[in-house]
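Okay, got some structures for you below.
Heads up, the next two complexes both have chain A, just with different partners, chain B and then chain C.
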Partner chain A sequence: MTEVYRPVGGKLLTRQFYFLALLALIAAYFLVRRFIFGIGDVSNLSDGYPWGLWITYDVVTGTAIACGGYAMAVAVYVFNKGQFHPMVRAALLTSVFGYTLAGASIVVDVGRYWQLYNVFLPQYANLNSVMLEVALCISLYVLVLWIEFSPAILEAMKANRALRMLRHILFFFIGVGILLPTMHQSSLGSLLIIAGHKVHPLWQSDIIPLLFLITAITMGYGMVVFESLYASVNLGRKLETDLLAKVAGVIPWLLITYLVLRIGDLTLTGNLAALAEPGRAPILFAGEMALFGYAIVSLLGKARRRHPTHLFWSALAVVLAGALYRFDAFLIAYNPGPGWHYFPAVGEMMITLGVVAVEIMAYLFFVKKTPVLAAGH
Partner chain B sequence: MKIDRRDFCKVVVAGAATALSGGVAEARPPKELPPKAVGILYDATLCIGCKACEVGCKEANDMPMDHTSCAEQAHGVTGVWDAPDDLNSRTMNKIKAYAQGTAEVKDRPQDGYSFIKRACMHCVDPDCVSACPVSALTKDPVTGIVQYDPDACIGCRYCQLACPFNIPKFEYDKTFPKIVKCQMCAHLQAEGGIPACCEACPTGASLFGAVPDLLEEAHRRLTFKSGERQSYPIHSLDGGETRTAEVRGYYPKVYGETETGGTQYLMMAGVPFEHLGMPDLGSESRARLSETIQHGLYQGMMAPTLLLGGLVYAAYRNTHEDRMDPPEAPDGKASQAEEVPDD
Partner chain C sequence: MSEQAQSLTETDIGPNLSNQLEIRGVSRRRFLKFALSITAAMGLPFGMSREVLAALEQSQARPTVIWLHFQECTGCTESLLRATHPTVESLILDLISLDYSETLLAAAGHQAEQALADSIAQNRGNFILVVEGSVPMRDGGIYCKVARKTPQEMLHEIAPHAAAAVAIGSCASWGGVQSAAPNPTEAVGLPVALEREGITRSDGSALPVITLPGCPASPYNLLSTVLYYLTLKKLPALDAKGRPLFAYGHLIHENCERRPHFDAGRFAEAFGDEGHRKGWCLYKLGCKGPETYANCPAIEFGDVGGNTWPVGIGHPCFGCAEQGVGFHKALHEQADVKSVTPPAFFPEIFTEHPGGASLAGAALAGAVGGGGAVYALNAGKKLKKAEAESSAESESESR
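Moving on to the complex of A and B:
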C-alpha cells in the first residue's frame, strides 16, 4: 500500500467558513477588550478561581484533544505499526493547531504576557515548579510539531531540496515529539498536586500524572478516529473504517488500565468514601464512569468496532470522558473555599469559541490546499 | 519486521522502566525555619477589631482604599472610608469577624464572637514559592519573608491555585496587573522598623518578633488561666512595651506551628480555628509532595534522556524507508516524501 497525500481541493470560502470567521471576529472584539481593560473585563476569573475556561479548555483539554499526532506517532514509530502511516499527517495537523492555539491562549490568559519570555530565561527558572516544566515542554513541542508537519507544507511548495534534507533528520524530531507530550501531558495533571484540598478528593491523587497521561493518549486516538470519520463524511471521502477500527482497538485496554489505577488509588487512599457525600461531585464522577464505561464496552468487540456509527459515537465518548475528567478536576469539582463561585463569562466563552473556530478554519485550509489527507486507493 | 519490533519494544520498555523507577526516589526533606526568621503572632483574644492595622498597612504600602464591599454596592453609596469585604488586590491585611448565635461574649464559640486577622502566613515551606515558574515569589533565606518580584512575574496565577490560604491576590481589573500580597513590610524592616500592622496595633494583638521567640510566647500564653491578669508585650516582642490585660481563655492550639510545615505568621484564639475560616491542614506542605513526585520522575533528567534515546532510536529504525533517496522503495512501502510530484 503506497500512500499518496493530496490536497482535497474544493472551495475554501464556503458558508460554514464565513460563519467560523464571524465567530473569530466576535472573539477578536473580546480579545481587544481583554488587552485594553484587563482580564476582569471579559472574564469571571477571580482570586478564588484564578484558572477558568481558558486554562481548563484551551490548554489542559485542548492539548489532550490535540494528542492525535503524539498517539499516532507512538503507534507508528514506537510499535512500528506502519499500516497507520497514512493517518499520521492528518493527526499531526490537528495537533499542530491544537497546540499552537493552546500556546496562543496562554498569552491571553496570563496577566503579564509581556514578560512571558521570562519562562525561557535561566536566571528566573524555578526547577521546582511543575508549571515551568509544562511551559517549556509545550513551547518546545509546538516547535517540534511544526517541524514534523513541515513536509506537507514543503510538498505543497514543491521545495524538494529542503524536503530531502528534512527526511534525513526527521527521525530525531519524531523521537523528541513523542518524549515531550509524555512529559507535559502527565505534568498537566501534576499541576493540581500542590493545590491540595482545593481539588476534590475524587480527583486529587498522587498518581494524577499517570492518569492524565493515559487519558491524553486515549483522547488522541479517539480524536483521530472521530475526526477521520467526520472529515470523510463531510468532505465526501471514502471511510477508512478498517484502519480506524484497528486504531480504536487499543483504546479500551488503555481505559481499563486507567480505571483500574484510578479506582484502585481511590480505594487505597480511602478517598472513594467521598462518593457517599452529598453534592454534585459523585454525580460528576458517575458521569465520567458512564462515558468511560460506554467507550470500553462499545470498542471492545471487534464487530461493533467495525461499524462506522458505533465507532463514531464511542470515539466521541472517549474524547468527552477525558474532557469531563479534566473539567471536573480543574474546575467543576475545584473548591477554593466558601464564598467563591465561577461560571465562565460571555467574553470568556466567545474567546474560547473563537479559538476553536480558528482551529477548524486552519484545518480546512490545510486539508484543502496542502497534501495532508492520504488519497483514496 | 518482527525482529525489529521486538527490539524497539525492549528499548521502550527499558525507557519506561527507568522513568518509573525514578518514582521511588527519596522524599524531599521538609524545609527548616530560616536562621533569623521573623514573624507575627496574632492573638484574637487581644484584638478589639479596631482595624488600625488595616489603616497602617494601607499607609505603609501605598495601597488605595477599597469600595467593593457588598454593603456599599447594595446601598449604592461610596463611602470616603476603606471598606473591603475580604483580602483583595487592594487589601493585604484584613480583620474579619466570626459571630455565632446571640454573639454576646467575645472569644466564645457558642453565642460568642471573635476577630481574625488574615494576611500572608509566610510559610516555612511555601507552596506559592514552589509553584512559581519564574521565581517571582521567593523566600528570603535569612528572614523567611515571602516576597514578590513583579519584574519576574508572568501573571499565570499558579500561586493563587497553590496557596492553601488563598492569600495571593491578582489585579483582574487592571490592564497591566500584578500579584498583591503581604510582604511583612520588608521595606520598613530594612530600615530597622517593624511591620505597620504591629506598629499600629494598640493592644498587642499583632506582635512582631523572631519566630522561635513568638512560639515560646504563644506557649506561655497557653498556660494562662482564664480570668487572671497577665502582662502582654505590645508592638514588638523585644521592644520592652507591655500592657496588662485579663486572660480570656485560649483554644489550646497555636495555628501555624505545624500547619503546612509551619508558618511564620502564628495565630491564637479563644474559638476553634475552623470557625475562623482557617483550613485544617496537615503538617506537611503540598510543595514537598509535589516536588517529591516531580523530581522523582525527572531526577537529573535521567529518565527523560534515556527515554529520548530509546524513542529516537526506534524512530530512526522505523523511518528507514523515509530516509532513502530513491523515489521507489524496494519493499513497496512508500514514504511521505516519495509522493512529491517531480515536476
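Moving on to the complex of A and C:
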C-alpha cells in the first residue's frame, strides 16, 4: 500500500466543463422553482408514482453505480487483493459524489422537504421500517465515504498532521464503509417487497434484497473499469488493461450467480410463466437478460478481457443491465393501479442531468487537482 | 344474567377477581382484551400482559386507598365512575380497598370520620392517599373545609402515614381552574402544598407524589398507575413534575391524528370554514396540543370511542393537563410550539399535470439517450485507437 498518487493536472475549464456547468445551471433553475413553487411545478410525480426518475435514477441506480468504492474495498480489504489498491481512490471518488448527490436528491424528491430532519430524531424512529434503515444507512455512509476519501484532500492541502492522525483511525471507517452498503443496497431491494403486487411478478421476489446487492457490486466493478478507461481516453493516461482484466474477471461469476438465483427463484415461485403474457414486461426482461448475457460472454474469456474495447462495451453493458433492472422493477414494470401514468417531466430530467453533470465536474476537478489516480509505475 | 351466573351467586364466590367476572357479565375474551390494552397504555412490553393479567386476577393484597376531596368539582371521580366499561372499571375499583371517599361513602357525619380514623390506624404507612382538588393557601386554607378541618390540617394529619400519594386531576397536580388569575384562594397543587407545609412521611422521608393532571384526569391513567403498582410492586417512571412517563411522556402534538395537516400547512382558520370541516389542523384556532403533554390522542377521551377526544371532534385542545396552559392561556391564543413552529409559507406538494409524456419530455429523453449513445460510440472508437497504439508499443518493446 505504498502507491504514490498524483494530481493529473491540466486545464480544468475545458469546453466540456463549460457544457457541464451549463447543464448544472439549468438544473439549478429548476431546483429553485421546485423549492419555491413545490414539487408539482417541475415533476410529474403523483400519489400513484411517488417514486419517479429521481429515486429510480439518482438514488437507486446512482448509489449502485457509486458502489465502486464499496466493491473495490471488498476486493482489497476483505479478499486481501492488495494489487488493486492503486485503483481504490478513484473508485472512492466516484462513490463520494454518487452517494452525496443521491442523498441530496432525496431532499429534492421528498414533497415536504422541510420535514426531512425528523428522520434523524431518535424519538420518532420506527425501527421496523426499511425506509428508515435506507435513510440512516445512506446518510451515515456519505459521511464515512468523505472520511475515507479525505486523505486525498488532506494530501493536496499538505495537512500532514491531520493526515497522520487520520491514518490511525481510518481502518475503522473502512470497516464501516464495507458494512453499510451491504445493508442499504439490499434494503433498497427490500423496499420493493413491501410494494407487493404493484411490482411485476417477473421482478417481485423474496430474494430481491440479495439480487440488488449482487448487481450493485457488479455495477460497482463495471463502473471502476469504465472510469479507468474513461480516464485513459479523456485524460491521456496509460491503459491499465492488466488490472482491469483482473477486476472484470469477477463480474461474469457474480452475474452468473445472480442469474441462477433470479431465474431459479422465478421458476420455483412459478412467476416465470408471466413471460408468456402479452405486454412490454417480457420484452424488458429479455432486454435485461441480453445485456447481462452479453457482459457474461464477453468477460468470461481471459483473452477477450485483455482488449480495452471489449472491456469498455461489456463494462457499459453491466452498468446498463443493472440500471435497467432497477428501472424496470421501480418504474417501468411498476403498476400502481388503473388511472396512473408517469413519464418524467422536463424539469425532472434536467435536474437529474444536472446531478450527473455535477458528478462529472467534481470528478474532473478532484482528479486534476488532488492526488486521486496512482502515478504510473 | 345467565342461569350459570345465577347459580354461581348462590354458591360460593371466590375472593379473586376472576371469580366475579362471569357474575358481572364480563366475558373472558373481553377481560383479556382489557388486560392487553391496559398493558399497552402503561407502556409495558406485550410480554408483560401475562403479569398484568395475573395481578388483575389474583390480587390478594388490596391496597387501601384514602381519597380526599379539596377544592374541586368531583369531575375526576365522575369520569372514573362513568367510564363506559363500568363492569371492568368497577372491578378495578374492587382491586383497591377504598376505605374513605366523600363521594362514595355510604356512611355520613361522625360515622364517616370514624371510618377514616380507623383506616389510618389500621394501615399506618401502607395506604395510598389520593387527593382530588387544590389546596387553598391563603388565610390558612379556610376556603375549603371538610368536617371543620382545612385541607392543610387534613394533610398534616393523614399524609405522614401514607405510603405514596396520587394527585388526580389538574387541581391536585398544579392548582387547576382555581389557580387561574386572580387566584383568590391562592390555590396550589398537592406537591407544592406538601412542600410549603413541610409535610413528610412520619419517618422524615419525602412522600412520593404521582400527579395525573387533566380536567378531568383520564380514568385510564389512574387505572394504569394502580395496575402498574400491583404488577411490578413499584411506582412507574415519573417526569420532573411527577407525571408517569407512560402517559405524559409525549406531547399531544406528537401523536395527534391531525399532525400530517400541521406538517403540510393545512390549517382551519375559523370554526366552520372549509379547513375545519375537512378536519385540518386546529393550531391556528388556538390548539394547545403542541405544548401539552398527555396521551389523549392515543387513548382518546371520555371513553366513547370513534375518535372522540377534543381534537378528534374538531375542538382545539385547551391544554387542561398542562400547568401554565390550561385555564391560563386564552382559548384563541396560539400555542408555544415545543418542537417546530410551522413556516408561514408551504410549497405545494401536489402536481397539476396528468403525469403522461409531454412532447418536450419525450424529445429531451431522446436527446439524452442519443447523445449518450453517440458519446459512447466515440469513446469506443478512441479506445480502439489507443488499444492499437499500445499494442504496437508493446510489440516494438518486445522486439
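Note that the second predicted complex is superposed on the first by the 375 of 377 C-alpha atoms of A that agree within 3 Å, B and C clash if a C-alpha of one lies under 4 Å from a C-alpha of the other, contacts with A are read in each partner's own complex, and residues count from 1 in each chain.
Going forward, contacts are C-beta pairs under 8 Å (C-beta built on N, C-alpha and C of every residue); 3 or more make two chains touch, one makes a residue touch a chain.
None of the values given here were measured: they were computed from a predicted structure.
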Combined model on chain A where chain B meets chain C, clash or fit: clash
Partner chain(s) touched by A:Leu244 [first = chain B, second = chain C, both, neither]: neither
Partner chain(s) touched by A:Ser46 [first = chain B, second = chain C, both, neither]: both
Which of chain B and chain C A:Phe37 touches, first, second, both or neither: both
Partner chain in contact with A:Asn160 - chain B first, chain C second, else both or neither: first
Partner chain in contact with A:Arg112 - chain B first, chain C second, else both or neither: both
First (chain B), second (chain C), both or neither touched by A:Leu316: second
Partner chain in contact with A:Val346 - chain B first, chain C second, else both or neither: second
Partner chain in contact with A:Pro308 - chain B first, chain C second, else both or neither: second
Partner chain(s) touched by A:Ile174 [first = chain B, second = chain C, both, neither]: first
More chain A residues in contact [chain B versus chain C]: B
Clash-bearing segment of chain C, relative to chain B, as chosen among 241-249, 277-285, 367-375 or 385-393: 277-285
Chain B/chain C common contact set on chain A: 35-41, 43, 45-46, 48, 111-112, 115, 124
Chain B residues within the chain A interface of the complex: 1, 4-5, 8-9, 12, 86-89, 127, 129-136, 150-158, 160-162, 164, 166, 168-178, 277, 279, 281, 286-287, 289-291, 293-295, 297-298, 304, 307-308, 311-319, 322-323, 325, 332-343
In the complex with chain B, residue positions of chain A that touch it: 1-5, 35-41, 43, 45-48, 50-51, 73, 76-80, 82, 89, 109-113, 115-116, 118-119, 121, 124-126, 128-133, 135, 151, 155, 158, 160, 163-164, 167-168, 170-172, 174-176, 178-179, 182-183, 186-187, 190-191, 193-198, 206, 209, 336-339, 371
Footprint of chain A on chain C - complex, ascending: 254, 263-264, 343, 346-358, 360-362, 364-365, 368, 376, 379-380, 382-384, 386-387, 390
In the complex, chain A residues that touch chain C: 34-41, 43-46, 48-49, 111-112, 114-115, 124, 229-230, 232-234, 238-239, 241, 307-309, 312-313, 316, 340-346, 349-350, 353
